[in-house]
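Structure incoming, see below.
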């Protein structure tokens, strides 16, 4: 039994077929980078893992059991934006994760319990390097700091899977580099299973232990919505040897003409 | 007489000193990349070149004459966002540039004049590769296509100076590469003088014939606003030899610890 | 005022004034205006007070109103006004209604809903006098006349003073008893056509045309049920409803009746009462030292300050009609 | 079991749920009406559905003997004319002053605070002044609507103009546009859909002022009729009139939205 | 010469321009007033400033002989109490139903269209029903304000909740939040400042309804006084009352904005 099994999964919205024939298995502790043209269904796939969308056909098993059909604590998520609560300070943003489970009725905890949660939250905040900003509101943080906060939040629940949807897409290149260091560090220390969507192929290869390329194999010019995207490449780059093998792949994918990411430019 | 002369220019907003002691000259046809930490005054500098802001001290001479104190046809601009008119199609967006000068009263042109402008606009649209999207509205275009449109618009007026404020900041890496090809091409063909602000140091070195790094040399921890930024490096990378010399500079600037861009992260 | 040949007249919906609407739509007013070679524009108001205010502000040359409002609004604002036509007096058209109580005395201590400072208020004061009570024994709640019927149906309300048609909507209700009505004080609540004195002096034609038209219309209405049906519809009810309202209104169908009412001694007495009430409630203006501050001229003599006459009852035009001289 | 917030009703259930409150309301009304009529058959407060139908027939489908007109349609026409005229003028004023105010700092400095204060004056309180200033014919009624809604539209337009990205205005200037050209080629077309949105928002107030104005001085109109028969508490007439006004208000709102969607597709991109 | 749109007035000129329209308005009034008073010294339509000052003195600073109270302050108290209560209840209803509607698709399917229709009914037209249902005392006045403003606030709150980024709701769920916890910990605090904004927007309507209610049945209140003295055309009383109402409306608007800025700094970040 694999950690996560995706068995013949299809997904359509109405008439539009988005994804088709996905058959994939993932082991615990893998870091899967997902790349592909804009609108090809990467976020849709992530939403299925999250439980926000339901596959039209097929099944997704987590540790042998079908995925719960709504977001829950097993799966953490960081979006490109809006993943933190603007009305809470950094500390409160992280503490709220444990407050939810400890105060089902009131939504707030007090006294000793609160001190405990605070201690735990402070640790996670420290892990992402936000201790100096403990009492700041998100709008006082830079984009990179907000994403760190979102990660700290997600880690509080010790999720089995961490989903990242273009987590660094809105950041400046310099800050991205820092975030890469951080996320790799966190991945290794916590033995997390991570799924990350990115538009930056280099980033995908740099961080992932595995890269999935989403693309449409079949295409009907008369009915562009008739066929969905599949995972056309599934590259294991966990070992150094694989990595250098894949270097060529990167270059191949990065030349504008064959680059799937470029397709939407050809209006 | 240089093309553009910046003589002892200072700029402050109220108590906050933003820029100080700028003494720079630029020859016609140069491509100046400007990098520096967020908030150090790059946009402010661009706004002074544009005529939107007035320097507090000193003077800026264009071909020996002081700069006109409001935006005009001599200086084209492309912002990171919102540089095109959402209510006009691609063709209309480019045509409007010449409609302004030809219909002072009505704002619209008709008949033969219109056909002329249309022909001219179509050429520029073709130059940026937007011909297939001639009759689309900006919201139907991708981010990259919108920026191409903004460039075509600006070119219609044959500006003496083209100002670019993080023109590719909101684009995906793959699309950026394409845009780099385009802008270099346009720069060389039109013998333009370009000023470009960027957050991506690599991009700055790749495109520019000259790179300015903005940074504060003097710093008073008690009064962070007391001193302004200056141009701390002025690198000529127009020839290949200079370019390789500068490679080291890039690497030096790119290491996170010394990277001025990273400063805002140290909250 | 200068002589002119275009005039505007306003009126509001009330049983005794519906003939003006008929006169307008049937062309009778136009006929009389043509006869005197003038133009008369007739404007209907939904809101009674607004019509008087407009007249007072000088937007209209003539307006329908009651004797009390003629005193407290135009006259108290020193817009010298002349009563051109005394059309009718309320003879049961106003009433005090109590809920679940049978006698007027029972009103003591209650909240009374009425249009404050209106002729209803005056009528209530007269009613209270008749049983030896004063306004101090009750509490007045200002309530819009359009909503008084709805107000009566509300559980908070136990006493109302109002006039027709609202009155006839309230009295049939099982809980309602009409403990006092205006037939007990006949001739005190008068419905008038009031004209700006200066305008009338400069343009007697206007007075002649209006009076002539008025008596032509009401002369026919007693016998012409089709005519009354039209008036009924325009006032928002049907013939039966309208006839019921007419029954409690003492119309002066002939100019002779009106002239003899106006020349009677009693009118001066009534106006003195009204002036006293108005003064007590501050309606004659802050500068009024006593009830006689504003003089009222009646054929039987002047009430109050002779040097400051602002309201005049002038039967001469009705007399012309009676004499057939129009 | 999903969280309640994650449960999306099926289309059938959704349709049922939508109708439910209307059905309950009708049902509750008919019970209350029957109870009142059983107690007093002449009660007018909650007329039965047949009584209401009768009234509709009388007003909408029977010729008025006197004028040969159909009261209901005559009232509708008069009111629609007034509100249409009022709101159109308001929109034009709002567009013009709002655009100028938003674009020109000098003008804004002078007018903006004044208009803010004006917009806070409750028009109901100055009704008497309005009537005396503007007379009593159609103008006064239309003026009340204008005074009640124009300041709001002006302020809205002004803030909409100021919210347009500065980048666009600068871009236009670098393309050689004069202030006038910026106004008519860049700003005007972009705030047109916002004007429609603003008009939609003020429609409720416009109806309120229309009814208030008609209540005081009018000879026809939906508000006039309601106030006229209110003296007799003829709810059998008032109810259909109220429902009709609500329908008209809805139709106006709906068509404005559609017009905006058809004419300004680029504005509604976000709503896709 | 700069383009007109690029000319920023200096602070001094700005202050002058701001005052200019007020000065012109005052000046125009005093001329009109003098002209009318010259014709008829007892004219009350456009009283002189001294007459207005007199009236203020009489109403605000002289004890009423009969009741021993200061009419002006008594009216102010009554009106503020009514509008305060009405708008508070409206806000609470709006917050509660709007939040539930926005968060729960099932509830929204049922209530949203119904509330949309309700919000289109002009409350002035159904006054008789309100009186009979809610009586004539304070409750009725407060109810008119509630009926006039609550549907608007509900709809606004609902759309505000729906505009919150989906990401946040999902994030909360991945942190283990139940529907209830999402409501009170994620949504409630975030829409509080929006509620204040919404209340500010409906304040104008609330004043209108208050004045209308007081005009119809009351014993005290600002609207009551205005409509009562209308009976003898005391513009010298009406003017200060209107100015006072405008001032109160402005003060309420201003303090709501300040409260919001102080209590919800994170909401006003964009306004910096």
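By letter and in written order, the chains are A, B, C, D and E; residue numbering begins at 1 in each of them.
The criterion applied here is as follows: contacts are C-beta pairs under 8 Å (C-beta built on N, C-alpha and C of every residue); 3 or more make two chains touch, one makes a residue touch a chain.
Labels paired with UniProt names: A, B = ABC transporter ATP-binding protein; D, E = ABC transporter permease subunit.
Since the model is a prediction, treat every value here as computed from it, not as a measurement.
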item	value
Other chains in touch with both chain A and chain B	D, E
Maximum inter-chain contact count - chain pair	D-E
Interchain centroid distance [CA atoms averaged], chain D/chain E, Å	18
Inter-chain centre distance, chain B versus chain C - centres from mean C-alpha coordinates, in Å	80
Mean-CA-position distance for chain D and chain A (Å)	47
Between chain C and chain A, distance of the C-alpha-averaged centres to the nearest whole Å	82
Where chain C touches two or more other chains, by residue	53, 57, 147, 149-150, 153
Contacts with two or more other chains, residues of chain D listed in rising order	3, 6, 45, 128, 132, 173, 178, 215, 230, 233
In chain B, residues with contacts to at least two other chains	70
Interchain contacts (touch definition) - all pairs	A-B, A-D, A-E, B-D, B-E, C-D, C-E, D-E
Residue numbers on chain D that touch chain C, as the complex places them	40, 42, 44-45, 64-67, 128, 131-132, 135-136, 214-219, 224, 227-234
Touch list for chain D against partner chain A, complex	2-3, 6
Residue ranges of chain C in contact with chain D within the complex	10, 13, 25, 43-47, 50-51, 53-54, 57, 59, 145-147, 149-150, 153, 165-166, 169, 172-174, 229-230, 233-237, 241
Residues of chain E defined as touching chain A within the complex	165, 167-168, 170-178, 180-181, 184-186, 189-190, 264-267, 269
For the chain A and chain E complex, residues of the former touching the latter	50, 52, 70-73, 75-77, 79, 81-87, 96-97, 99-101, 104-105, 107-108, 137-139, 150, 153-154, 156-157, 159
